[in-house]
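Consider the two complexes below, in which chain A is the common component and chain B and chain C are the respective partners.
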Partner chain A sequence: MKFSCTTKDIAAAVGAASKVVNAHTTVPILSNVLLQGESEKIAVRATDLELTLEHAFPAQVAEGGSVTIPAKLFASYLGNLAAGTLELTGTPTRASVKYERSNYDFHALPADEYPPLPAAARGSQFGIAGRRFRDGIEATIFAASSEEARGAVLMGTLLEVEGKSLTMVATDGYRLAKFATTIEDEVSANEKFIVPSRALAEVARNLGGGERIEVSALGAQSNQLRMTGGDVSITVRLVDGQYPNYQQVIPAKFDRSVTVSTPALIASLRRAELVAGDRASMVKLAIANQTLIVTASSDISGNAYEELEVEQSGEDLTIAFNARYLVEILNHIKGDKAVIEFLGPLSPAAIRPLEPLETGQQLYVLMPLRQ
Partner chain B sequence: MNARDKFVAHFDVDAFYASVAVRDHPELRGKPVAVAGSSRRAVVLTASYEARPYGVRSAVPLYKARMACPDLIVVPPDMQKYRAISREIFEIFERDGRTVEGMSMDEAFVAVEAATLDEARESAAQIRREIFACTRLTVSAGVASGKMIAKIASDSCKPDGLLAIAPGDEAAFLAPLPVGRLWGIGPKMQARLAVFGIATIGELAALDDARMRELFGSWWREARELAHGIDRRPVEAERETKSISTEETFEYDVSDERQLVGVLRAQALELAEALERAHTVCATVGVKVRRADFTVVGRQAHLSEPTREARRIFRTAVHCLRRVELQGAPVRLLGTRVASLVEGDARQTSLF
Partner chain C sequence: MNELRFDVVGAEGAKRFFGALTPQTLAHAYCFTGPSGVGKKTFARRLAQSLLCLAPHSGVLGYDGTCSSCALFRGENARHPDFLEHEGVLRIGERDAPAAFADGEALSARDLVRQLSMQSYSGGMRVLLLGDVEFATLHAANALLKFLEEPPAGVVMIVTTATPGRLLETIRSRVVEVRFPPLSNADVAEILRRMHYGDADAQLGASLSGGSVTRALAALEQEEESLRAAVVRWFFESVEGKSPQELWATRETLTEGLETIKMLVRDWIVAGGHDGVALMSVDHADRLRKLRPLGRREAAALLAKLDEAARLARTNVSPGLIGEFVRMALTSSR
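Entry: the complex of A and B
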C-alpha cells in the first residue's frame, strides 16, 4: 500500500487507536495497529479482542492494501512530527515513512494475520444524539465496580432501550447511577446490553463530539455492540450475565429532603473528609431547622464541623455516608443545586440535580454507613 | 539519643525447640537432635548444635536430614510447651518496665537502660542468668547501640554467648562480615554487589557517594549508614499487625482446582474469624501459591470496601488464584492473606 496524508490526521487516528492496545498482550500482532487503504481514506484499527476501535482519516491513496505497525512506537513517532504531509509505503514486513527530509522504516507484521472484525449480522439498532450519549456516559460509568473479583457484570454499564427511551445504569453495590434519555429512532424490541464501562469511556472520548451516534447490536446472539459516529467506530464484546434488578433498589418514595448548594456541600465534605481519615471516610449529615450540619472526627486528626443553609422538607434526620462516594456523585451533578432525598438513617438516599439536564435525567442512589 | 535507651540488647534462645527436647530428655544430650513433624513433607524446625555440622538445620526436608545424618534423633514438636516457655522468657525480658520488641517466640530486642557499655553488658548477662535459672535454657545475647548490630552480635556468639559492641566500634566489627549480614541486602543485591567485587560490609562502607547511589538508588544513604553500623530504629514495644495470613502445605501435591478452591474457602473462614477477633476489617486479599517445582507466585486484589465477610474474602481469593493461571500445575502450598487492615466494623451498607 502507498498513501500520503497530513501528519495531524494520521497522528490523531493512530493515537486514539493505540490507547486500546493492551501493553501486556502475549499475541504480537495485537501490539500493532492495522492501517487499511481504500479510495480516499485510510482506516486505522486496534483491538484487544474485547474492544476494537476504528478511526478513519482522509488520504491520497496511490495504492490500496494494508499494513500493521507497532502501535505505541508508531503513535509516539507521529506525536513527535510537526504539521506537514507524510508518505507511507507498506509491505507485509515493513512500513516506510517519508516526512520532509527524514525516512523511517518500521518493522511490520503481515496484515492478513490481524483479527477480523465480527460478522456484521445485525440485531436491533438505533441512533442517539452525540451529546445525550456522552452526557449519559459521563453521568453513569464512574459508579460501576472496578473490582474484577466481583465479576464483569458490575464492571459494566447497563443500556436498556425501550421504544424511544434509553436508560443507562451503573452500580457497584454501594451506589447507583441512572441516566434516562431519549433516542432518535423507536426500537421495536426492548433490549438490554451490559457494556464494559471502559468501552463507553472510549466512546465519550472519541465520539462525543459527533451529531449522531449509531448503535447496533452485532453477531447472531447480539453479543457485540458497535457504536459509530463520524469517522470513528467502537465495537465491544458485551458482558454475558444478569444485571441486578436496579429498579427494586431505588425507593419509590422518600419522606424528607434537602435542597443544597452543590459546590458548597462538595467543599464542606472535602474538608471534613480530611479529618475523617480512615478508609471509610465517614461524615455525618445532621438535618434540622433548615440547616445541614456536616461533622467528622477521628482519634488521630480531631473534629470537623460545618454548617450549611438548606431548604429542608420533612422531619429532621442524622445519617452517615462515605464522603468520597457522596463527593463523587455531587461532582457529576451539573448545576448549582442538588436535591437529596431520604427515608431514614439506614435506607438508601437519592441525589439528583434540582434542574434536570437538557439531555437527560440523572438520579443517584447512595447507601449510608452504619454508625 | 537519651541516656535511658542508650543500648539495645538482642536475645535469641539457642536452638530453642531442640534445647527444650534435650532439657526434658537428658539422654539426648550431646547427640544430634532435630525437631520435626511426622508428615511425608516434614522439614526440620530446629536442629541441635550437634546435628548442624551434618548440614541439618531448619527448613531442610527431614528425609534429606536423615540421609545426611543417619544417627539423627527426631523429636516431634510440642507447640503448647514452647508457648508456655516463651511466656516465661518474655516475662523476664519485660521486668523493670523494659521495652521489648518480640520477633518470634524465642527472640526479642530489649531496650537496656545503662550509662556505659559495661553496665549494659551486665544487664544483658543478668537477663541471661534469670532465663537460665527459670527455664534451664541458654540464650545468646548481643548488646550494641542499635538493633541491627545487636542482632548480628548475638548471631556471632552463639551458642551460649554474650557479645557487646562498644559505641564507635560498630564499623570495625561489621567490616570483615559478608554484606549479606546487613538488613535489607538479600541474595539479589548480594549478587549485584559481587559483580562490583564487593563481598564484605567494609568494602561496601568504603564506596563513594556516586557508586552508592548507582547501586542502591533512593535507599543509598540508609544503606551506607547501616554499613557503618549506624541504626537509629528504636525498639518498639508493640508492632502493629499489618496483615493476617494462613497457609497449608499439602501432604501430596494438588492439581485439582476444585480442591484448591475448597482450601481457600476454609482459609477465608479462618481469616474472617481472625479479623472479627481483632476487631478489624481488611481491604486487600491475596493468595500465595508454591508450585511443586518450589516456584512461588502471589496475586492480590484490592477491595473497594473493607470487609471481614468470609464470602467476600473467599471470592476475592478465588479470583486471585485464577489470575495465577496454574493451568493444572501441581501445587505444594496454598495460602490466603488479608492486609490493609483497618480497625472497626464494615460500615458501608449495600444496595443488594
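Entry: the complex of A and C
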C-alpha cells in the first residue's frame, strides 16, 4: 500500500486507536494497528479482541492494501511530528514513512494475520440520534454490576430493539436503570444485545457527539455490535447469556408517590449517609403530611434528622434505602424534580424525572432495605 | 475448493475417534491423556484449526489451510481470536482485574471464565486448550468446574495431561478422555524429519525417544544431551554404590533428569529378564544388562520412590535433597 496524508490526521487516528491496544498481550499482532487503504480514505484499526476501535481519515491513496505497525511506537513517532504531509509505503514486513527530510522504517507484521471482523448479520441494523444514544448510555450503565462474581451478563447493559423503539437496561440486582427512546429506522425483527458496559462508556466518549450513530450486528449469531458515528467505529463483542426478565422487577402499579426537589434530596441523603456509616448506608424515608423525613442513626456516629417539603399522594409510608444507591440514581435524574413511587415498605420503589427528557424516558427501580 | 487435510503424524486412535464425530455430536470437553511428547497438544491445535476453518465441513477433522481463519493458525505472530491456549499452571487471577483479552501465560481462571462468557469473535465456535494443565489452587480448578457444569454453547475445551490422576475427580468425570499412546519409532522419525533433522539424526532420536518427540529432541540437542550424559553417569555411579562426583539436580534440570532416571530404571528392570521388551536407552544397553537384576518387589519399591521424587519436584523441596533421596533409593536397590 502507498498513501500520503497530513501528519495531524494520521496522528489523531492512530493515537485514538492505539489506546485500545492491550499492553500485556501475548499475541504480537495485537500490539499493532492495522492500516487499510481504499479510495480516498485510510482506516486505522486496533483491537484487544473484546473491543475494536476504527478511525478513518482522508488520504491520497496511490496504492490500496493493508499494513500493520506497532501501535505504541507508531503513535509516539507520529505524536512527535510537526504539521505537514507524510508518505507511507507498506509491505507485509515493513512500513516506510517519508516525512520532509526524514525516512523511518518500522517492522510490520503480515496484515492477513490481523483478526478480521465478521461480516454483518442480516437485518440487524438501525440508526439512532447521537444524543439519544449518549443520554441512554449515561442514564443506564452506572447501574450495571461491577462485580465479576455476579457474572458477565449483569456487567453488561441490555439493548432491546423493537419496531422503532430502543430500550436500554442495566441492573446489578439491587437497582435497575431503564431508558426508553426511539430509533430512526424501524427494525423488522426484535433483537436483544447484551453489551459490556465499559464498551458503551467508550461509545459515549468517542461517538456521543455525532449526529447519527449507525448500529449493526456482526457475525452469524450477532456476535458483535458495531457502532459507527462519522469516521469512528467501535465494535464490541457481546456477552453470551440470557438477560434477566427485568420487567418482572418493575411493579406494574404503585399506590403512593412523592414529588421532591432532586438537589435538596441528594444533599439531605449525603449528609444523613455520613451518620449511617457502615450499616449498608441505610437511611429511612418517612412520608407523612406532605413532608419527607430523612433519618439515619448509628451507635457510633449518632442520629440524623432532616425534613423536606414534598408533594405527597397516597398513604403515609416509612421505607429504608441504601443512601449511596439512591444518591447515584438521583444524580442521573435530569431535571430539578423527581417522582418517587412506592407500593409498600418492602416493595421496590420507582424513581423518574417529573418532566421526561426530550431524548428518552428514564426509569429507575431500587430495592428497599429491611428496617 | 481446496481439499481438507489433517496434518498430524500418528495418533491414529484419536483420528478415528474424532473422524467419526460431527459438529453436532462433539462433546463440550475432552481430556487428552498420555505421556509427554506424544502429540496431544499438536492434535488439539489441529483440531481447533479444523473446528474454526471456514471451508465447508461435514465432519470434525480437516482444514483447508488457506481460509482467513487458517491464516491465523499459520503465523507465529497471530492467534485466532476464538482459540484460547494456555500451558502449565492456571492461577485464579486477580479479582475484578481490568477487562482485556488475555492469552498464553497471562491467562488466569478468572480471565477464562470472563472470556468464555463473551460471544464468539468471528461467529463460529470457540476452542479452549489447556495444555499440561495444573491448577495453582482449588479455586482455579473450581472456576473450570463451573464451565464444565454449565458449558456455554459452541465452546469446546481440551485439557491435556500426562497425569490425569492429578485432575480433580469432578473435572475428570465431566470430560471425555481420549488416550494418546507413545508414538511408534517410525512416527517419531517422521516428525523429526519434518523438523528438518537429517535421516541419521531422526533415526537416532527415534531410537532414544521411547515414543516421545520431547525425549527425542532432548536426546538430540547437545545441551540436553549433556544433562542426560551427566544424569546417566550419576545413575550408574549411584547404582554401583559410588559417591557421584557430579551433581546435576537444579530447579531447571530436575524434571528432565528424573525422567531420564525413570527411563534408566525401566530399562534396568527390562534388562533383568523381560525378553522381547525393547530397551529405550539403547546406547547404554550393555551396561544395564551387567547390573544385578531387580526383583519384583525391589522394582516396585524403587518406582514408587521415583514417583515420590517426581511429586516432591513439584513442591519447593530443594532439588539437591530430591537428588539425594533418589540416590539413596538407587543405592539400596543395588
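The working rule: the second predicted complex is superposed on the first by the 274 of 371 C-alpha atoms of A that agree within 3 Å, B and C clash if a C-alpha of one lies under 4 Å from a C-alpha of the other, contacts with A are read in each partner's own complex, and residues count from 1 in each chain.
What we mean here is this: a contact is a pair of C-beta atoms (placed from the backbone, for glycine too) under 8 Å apart; a residue touches a chain by one contact, two chains touch by 3 or more.
Remember, predicted model here, so these are calculated numbers, not experimental data.
Peer 1: Which partner does A:129 reach: the first (chain B), the second (chain C), both, or neither?
Peer 2: neither
Peer 1: With both structures placed on chain A, which of the two partners, chain B or chain C, ends up touching more residues of chain A?
Peer 2: The partner with more contacted residues on chain A is C.
Peer 1: Looking at the overlay, what does A:354 touch: chain B (first), chain C (second), both, or neither?
Peer 2: In the superposed model, A:354 contacts neither chain B nor chain C.
Peer 1: Would you sort A:146 into first (chain B), second (chain C), both or neither based on which partner it touches?
Peer 2: both
Peer 1: Please work out whether A:196 is in contact with chain B alone, chain C alone, both, or neither, and reply first, second, both or neither.
Peer 2: second
Peer 1: Go through the superposed model and pick first if A:24 touches only chain B, second if only chain C, both, or neither.
Peer 2: Touch partner of A:24: chain C, not chain B.
Peer 1: Using the superposition on chain A described above, determine whether A:343 touches chain B (first), chain C (second), both, or neither.
Peer 2: In the superposition, A:343 contacts neither chain B nor chain C.
Peer 1: Taking the two structures together, which residues of chain A meet both chain B and chain C?
Peer 2: 146-149
Peer 1: Where on chain A does chain C make contact in their complex?
Peer 2: Contacts found on chain A: 22, 24-30, 48-50, 109-110, 112-116, 118, 146-149, 151-153, 196, 198, 218-221, 223-224, 237-241.
Peer 1: Note which residues of chain B are touching chain A in the complex, please.
Peer 2: On the chain B side, the touching residues are 283, 285, 301-306, 315-316, 318-320, 340, 342-345, 347-352.
Peer 1: Which stretch or stretches of chain C touch chain A in the complex?
Peer 2: Per the touch definition, chain C meets chain A at residues 68, 71-72, 74-81, 95-96, 99-106, 110, 113-114, 116-124, 152-153.
Peer 1: Sort out for me which residues of chain A touch chain B in the complex.
Peer 2: So the residues of chain A touching chain B come out as 145-150, 171-176, 244-245, 248-249, 278-280, 282, 320, 322, 346, 348, 365, 367-371.
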